[in-house]
Amino acid sequence: MKMTAQGLTKEYARKSGNANRFTALHPLDFTLETGALTVLMGRSGSGKSTLLNLLAGLMRPTGGTVLAGETDLFALSDRELSAFRNAHIGVIPQGQTAIYSLSVLENVLLPYTLTGSAEGEEIARAKALLERLDIAGLADISPADLSGGELRRMAIARALVRQPEILLADEPTADLDDENTATVCKALQAAAGAGAAVLMVTHESGAEAYADRMLTMQGGVLSE
Amino acid sequence: MKKPHITDILLLVMSAALCIGVKLLFHACAPKEDGSWMACHWAEQAVFAASLGMSLTAFVRLFLDRRARAGAALGMSITAAVTAFIPGVFIRLCMMNDMRCHAVMRPAAVILCVLIVICGIADFVLARKEAAA
Amino acid sequence: MKQNLAYRNLKAKPVRTAILVVLTALLSLTVCGGTLLVSSLRTGLSSLEARLGADIMVVPYEAKTKSNLESVVLQGNPGYFYMDMSRYEKIASREGVGQISAQFFLASTSSGCCSIPVQIIGFDPETDFTITPWIRRSYGGALEPGDIVVGNDLNAFVGDTLTFYGVDCRVAAKLDKTGTYYDAAVFTSVETIQQLIASSLDKGMNDFAGIDPERVVSAVLINTADGYSIEEVLNDINIHVKKVKAVQTKEMIAGISDSLRGTSDLIGVLIAAVWVLGLVILLLAFTMSVNERRREFAVLRVIGASQGKLAAVVMQEAMLTGLCGAGIGTGLALIGVAAFRSALEAQLGLPFLLPGAGRICLIAVLSILAVLIAGTAAAAVSAYRISRIDTALILRGDNG
């Protein structure tokens, strides 16, 4: 599923100071192609995560639209948008994102169990993903016992388990060693290979090697 | 001694509470003015003796293996069930139902005995589940 | 595989969950226990009103002055007083007196198995209108000489023989619980009590030496005739019959009503205090518990949980802990009040009668509901706040 942003802009209201509004994202047009891994690079504070959150529908824009296929994300109600995200968009947020009352496998199955139940096929897919990401042996333990790299891989497995058509990854390789970075990048590449539209936001240059398309962002302005 | 279960601790605490309580907190009626005891005193003594036995059992079983502990818990349940019938059934209490032996000692002893019965059975069931697992 | 996230969250934090359960249990314990207590006192009072069942009670003047009356008639402390039969006859002849019946009091000493004194009340089955209707509920036959009917608190059963002043009495019936002093009393016919009074005099164990057992009464109960007010008849007796004191039974109960109101108010204040404190702690506990999991809730949002779903998780946690706590607290209150009702009655010194099973169930259900509503209301604030979280802001790192 292709993702298209048109005239997308985001302004924040500052809580203090003279300039009480600041523009995180200047109006931009952008397309996330299917079957490709798009890497978006830029310095801290350049507006990369803002763009990703807007594409995921986790934040409302000041102006512009985001279409996922034919669906206008911001024309949907909260319930519809949440259901759409659950079914079609996989998001790998920054940092540690485990639910600590559940086991690793249960965390991975959350996209299913949140709205219904996970049966044999879904469980088998989750286990296969854990296997591919080399954390199959940790399926039944608590996320509290996982290292940073393992937690990140768990989050990737969770984002991939519903085989989303759109995959948005925010700094998925931050704080990871080279080996883990390679594992994560390969997993995203494989998802793109399977037909998903994948966006990876990072400020590490090592990701370039896996990219089908490179974008950079500076001061809220996107460039190829 | 292995790390005790919650049921092990509860059994020990409750039987000790019954043992100490029946003498200090929820004892039977005071002696008559002439110093002689009323019938309920002997019910109190009997409950005390039974609960002392249960307390010792609860303590000793902490050092036993799981199977023996479960067996002792079941034994405690049976003893507690019988003890609950001591005041008022096996040994008569005083004439008036609003006297201390009826109003305080009997309900307190019965409630603690029922709790010991429940706890003992729970421990036995848990042990069986553990053995099956 | 299905997951109840709320249940798993509670299970994962046993200490936090235990604190919430204990708090809600405390709330339901106070509201259920307190309500049951007040309800039992009210039932006890109406039972006492029903038992007195007469408009006016006339007693010897000394009884009133010695404040013997309340002690004997309302609090059930064994005691007795007598006046000459001629007073009864005089009272009966006054205008406005409708139903009239005499009662005879005697207190046993440490009698046989009774290790404490018991109040014995004699009544005349021919004229009685207060005790008989109620005895009939438990015993249909006539009381033969030597027969007694025992109150519910006496540990004696039908067929048992109790000995008072050397006279063997057969227990003909045991009465239903009334929650009043009647529960600790023994009732018998006029012939039997006269025999007992005579025997107590013979043994020198009666304070009123020299009286003729067949020529004394202890109290006279009166219902006014149609067309006469209670005050009218009361004043008439007090003015025209010497050495007696007529009292309105409603006035006698007034003291008890006041104490009951005082006790109810005190219990009400205690319940309110516990609830205010409990609700504040619950509110804080839910707020803290949700705040420390803001990131987890943000992750759920990313995975596709709607605002409603997040709120539902918090509300479910509150419902589960509330249900568990309310069940435990209400159970403890019911067991506690039911098991220790005699001790409570003795401690409060007021008529105390547990209400019927239906009413107890109603109190229990309402207590559970009250705690559930309070618990979910306390959680609703957190649920609302968590459903409005800025997911992007919470999950954002330093790399914007």
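As written, the chains take the letters A, B and C, and residue 1 is the first residue of each chain.
Note that in this section contacts are C-beta pairs under 8 Å (C-beta built on N, C-alpha and C of every residue); 3 or more make two chains touch, one makes a residue touch a chain.
The model shown is predicted, which means the values in this text are computed figures rather than measured ones.
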{"item": "Most distant chain from chain B, judged by the mean position of its C-alpha atoms", "value": "A"}
{"item": "Identifier of the chain whose CA centre is least distant from the whole-structure CA centre", "value": "C"}
{"item": "Geometric centre distance via CA averages, chain C-chain A, whole Å", "value": "65"}
{"item": "Where chain B and chain C are represented by their mean Cα positions, the distance between them in whole Å", "value": "29"}
{"item": "Gap in Å, rounded to a whole number, between the CA centres of chain B and chain A", "value": "61"}
{"item": "For the chain C and chain A complex, residues of the former touching the latter", "value": "1-3, 5, 8-9, 11-13, 295-296, 298-309, 390-392, 395-400"}
{"item": "Chain B contact footprint on chain C (complex, rising order)", "value": "110, 113-116, 118, 152-156, 183-184, 335, 339-343, 345-346"}
{"item": "Touching residues on chain B, where the partner in the complex is chain C", "value": "29, 32, 38-39, 92-100, 102-104, 107-108, 110-111"}
{"item": "Of chain A, residues touching chain C in the complex", "value": "24, 44-50, 53, 56, 58-59, 78-79, 82-87, 91, 93-102, 106, 109-111, 113-115, 117-119, 123, 158, 170-171, 174, 203"}
